[in-house]
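Chains: A, B, C and D, in written order; residue numbering restarts at 1 for each.
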């Protein structure tokens, strides 16, 4: 499903964010992306949905090179990848409801279906009571859950979550994780960058560890590794 | 795009106008102010042009005949002149009438008496030409007709007047051109600044998988409405201001010909509204363009 | 504020101009375009006023004396008139000269012969007044002097001319006022939009404990520089454009009096630069005001 | 030092973020503020440095009512309170160095001293190599550490940190916590809103727990409470 071949990303100012990464993630996998702050996790994710292009190397998704995508095709790639951004990236002048609905409006889904889907997913992340608020009126955790709701509402084939529990209390975190596991069970590939060592350790899923831009570990049933 | 998506575009455009209310007000005010100024100058220049044309069409050539020319020949000459190319109208002023006019001008009621009963004046003809700019050519032709003693069209004054009017016209077109360019620049900058404040929004939409046109349409419609509103206000104020100003001017300058052709007025107003809409729509498109490249 | 803080303000202002480069360019362009238009119209109106004054000062009253008035009395009258209040200049045109002028106008070289050697014309005096607007009053006084047969100043034409010139002046002032208000509005809106894009910045500074003036100064200086640059460009282009345009106009309209007073030009240019700086500084202050309230 | 008397905060739309909170925090204390997402932790902090005014009740800091502060006095209150915002709030067009230096420039500290202090504090949070980057060029954790550096650089008498380890890996988190403990030892009152149950449980400091806007627990040597 997702393949990185010798991918290197150098930011302006000679900053090596990723160095020579080669990795393969199969359809339906659940993968944790771990590593200290600044290790390159977010960069890895940015390359995946083509926010950034790799400086060197190739990235294939479903067999197609995404670096060679024409700009018309990019939106269609992105529709298949739900992303929970580390900084949320909610539309500031749209309500929670509208933010989540947007991912479906883009697909020209009928309004009735939009309403049903959005309400369902807001209930799943526990935001039914906040649907009419604007992002700046939300608590940090509520913003994060809105971002999660938007990423999963259109049932993407790949779900990428960049530290989706960073602003959540342990109980809510567990709910969100079990939501992601459910989605994964229905066939969605899930990639989750996280610092939550307790979650990683308890789930025993595949763990890809980055450090200073290098892939340092890739375990089938791994642990977080720093606390262990 | 499906029909329901168009519904979304319109709803979103209006919602956004409303939620970014002060930005919408600021942008429409800019459009209104700019287009009002532009419209006001278009009407001003049109009027100056109109007055200049009226002035020009008042110009005439005085053709003095020899003192001894019989009245019958004078009348024949009048007919001959009327058939010349470039001549619009010819009027015969008999010497008796000429003396009366002169007497009036000099304040000498009894001029004929003072000259011993002899009228020293010739008959003369007042000739209007079709194209005031070619008044000199026509005068030269008239000069060569038989029995013509002298031709006078106040050459020096007329040439100066024509030169001034020509420059007034150049300046008018220049000013309107300058204002049009300036308006365009100012509005583009305003729209760009307004869109700039929302650049992150555009990025985010793209990251969520929106196509370029899906993002563009609501912005385009928003720009269109802002332009329409601004242009509408400009046109309304202009029409009202113009009619009330011309009304006032006519009270004291009743003799001045002013443009009161409603079609011209309405075309100008329509042009402002249309121009506003275009600038708003196209300006939005151009402004969001660079934020779509993600 | 300590001296080092002023250093910080200036450094920060320039840094910010540089880092928000396109916003700085956009804002200065708006200032330049707007002030250029305003300046151009100020010069245009000043020139029209200047031409109108020159036109007016050419107006004169023709005072025709009775035909039998002896030359000595005519000369005495001339002196008397010169001492009247409101009279600027008096010129005596003897009847011989009058006849010559008339003959030329009519194309009748031998007018004196044709009238049997009798000159039917009176002497007349050409009177210029100090204030053209009061030409009618002076004419009425002259009318009542002894030996004056008739006074003529083309009453109808002069009154119309004066009325037109009065309106031209009203319109000129009105246009400049309108443009000034429009410029102010447009620039305020532009600055507000530019500041709006950075509203979060202002909030954050306040949350970190900056006083209002600590935040204001760099913004004020930034606005000031943008205004100075915009005003400077406007003034430069205006001076250059004006000199080259007047040069061209003078080639074909050599007879037209144009304003070439360098002090007026330079005051206008200086006014633009100063106005730009003020609008930039004050506009920034007003624009950040509401974001400081946190 | 800090006293809340029957503080209630109602946001527009009849949202009760805090209900009748009365609490007293002494000079030099180290307090954890815990509670599920949306409990009112950030609101509590916003009231402290007067980003928001309470709907009802009184807040005293060093014996002075901050609700009655004149607007000229607010900056001086804030200079005594270093805040690490949940959403960082870095100045977007200033570098890391300039962002941190700003907190000192506001105090009109001499440039030399600014340089020394900023470099010291950037080293403490591990960002010496990132000083010249702009916020949008930083990883999530780096942004968070910049925010921490800015909050502590002027040695405020009160330090308020809203989830300062949400984007940090466990190792970096521990370093930051020990930094906060050091600062606390030098006399600064520290209030930290957090979801990091492991940190709370291991430190045994005072814990104030909020839930749905109510103060539900205030323990001298408390634990996080949801995992315990």
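Following the convention adopted for this analysis, contacts are C-beta pairs under 8 Å (C-beta built on N, C-alpha and C of every residue); 3 or more make two chains touch, one makes a residue touch a chain.
In this text, all values refer to a predicted model and were calculated from it rather than measured experimentally.
Rounded to a whole number, the gap between the C-alpha centres of subunit A and subunit C is 67 angstrom.
Annotation: 22 Å between the Cα-based centres of subunit B and subunit C.
Separating the CA-averaged centres of subunit C and subunit D is a span of 62 Å.
Not a single residue position of subunit C touches two or more of the other chains. Chain contacts here close into one cycle, and each chain has exactly two touching partners.
Contact between chains, per the stated criterion, is found for A-B, A-D, B-C, C-D. Partner subunit D is touched in their complex by these residues of subunit C: 1-2, 4-5, 8, 16, 19-20, 198, 200-201, 203-212, 214, 293-294.
Within the complex formed with subunit C, the subunit D residues making contact are 49, 51, 71-72, 74-76, 78-79, 83, 85, 89-93, 102-103, 105-108, 110-111, 150.
For subunit A in complex with subunit D, the residues that touch the partner chain are 11-13, 15, 34-38, 41-42, 86-87, 132-133, 137, 139-142, 145, 162-163, 166-173, 195, 197-198, 224, 226-227.
Against subunit C, in their complex, subunit B makes its touches with residues 23, 26-27, 29-30, 33-34, 36-37, 40, 44, 64, 67, 105-108, 111, 114-116, 118, 120-122, 149-152, 160, 163-164, 166-167, 171, 175, 178-179, 182, 185-186, 189-190, 192-194, 196-197, 249, 252-253, 255-256.
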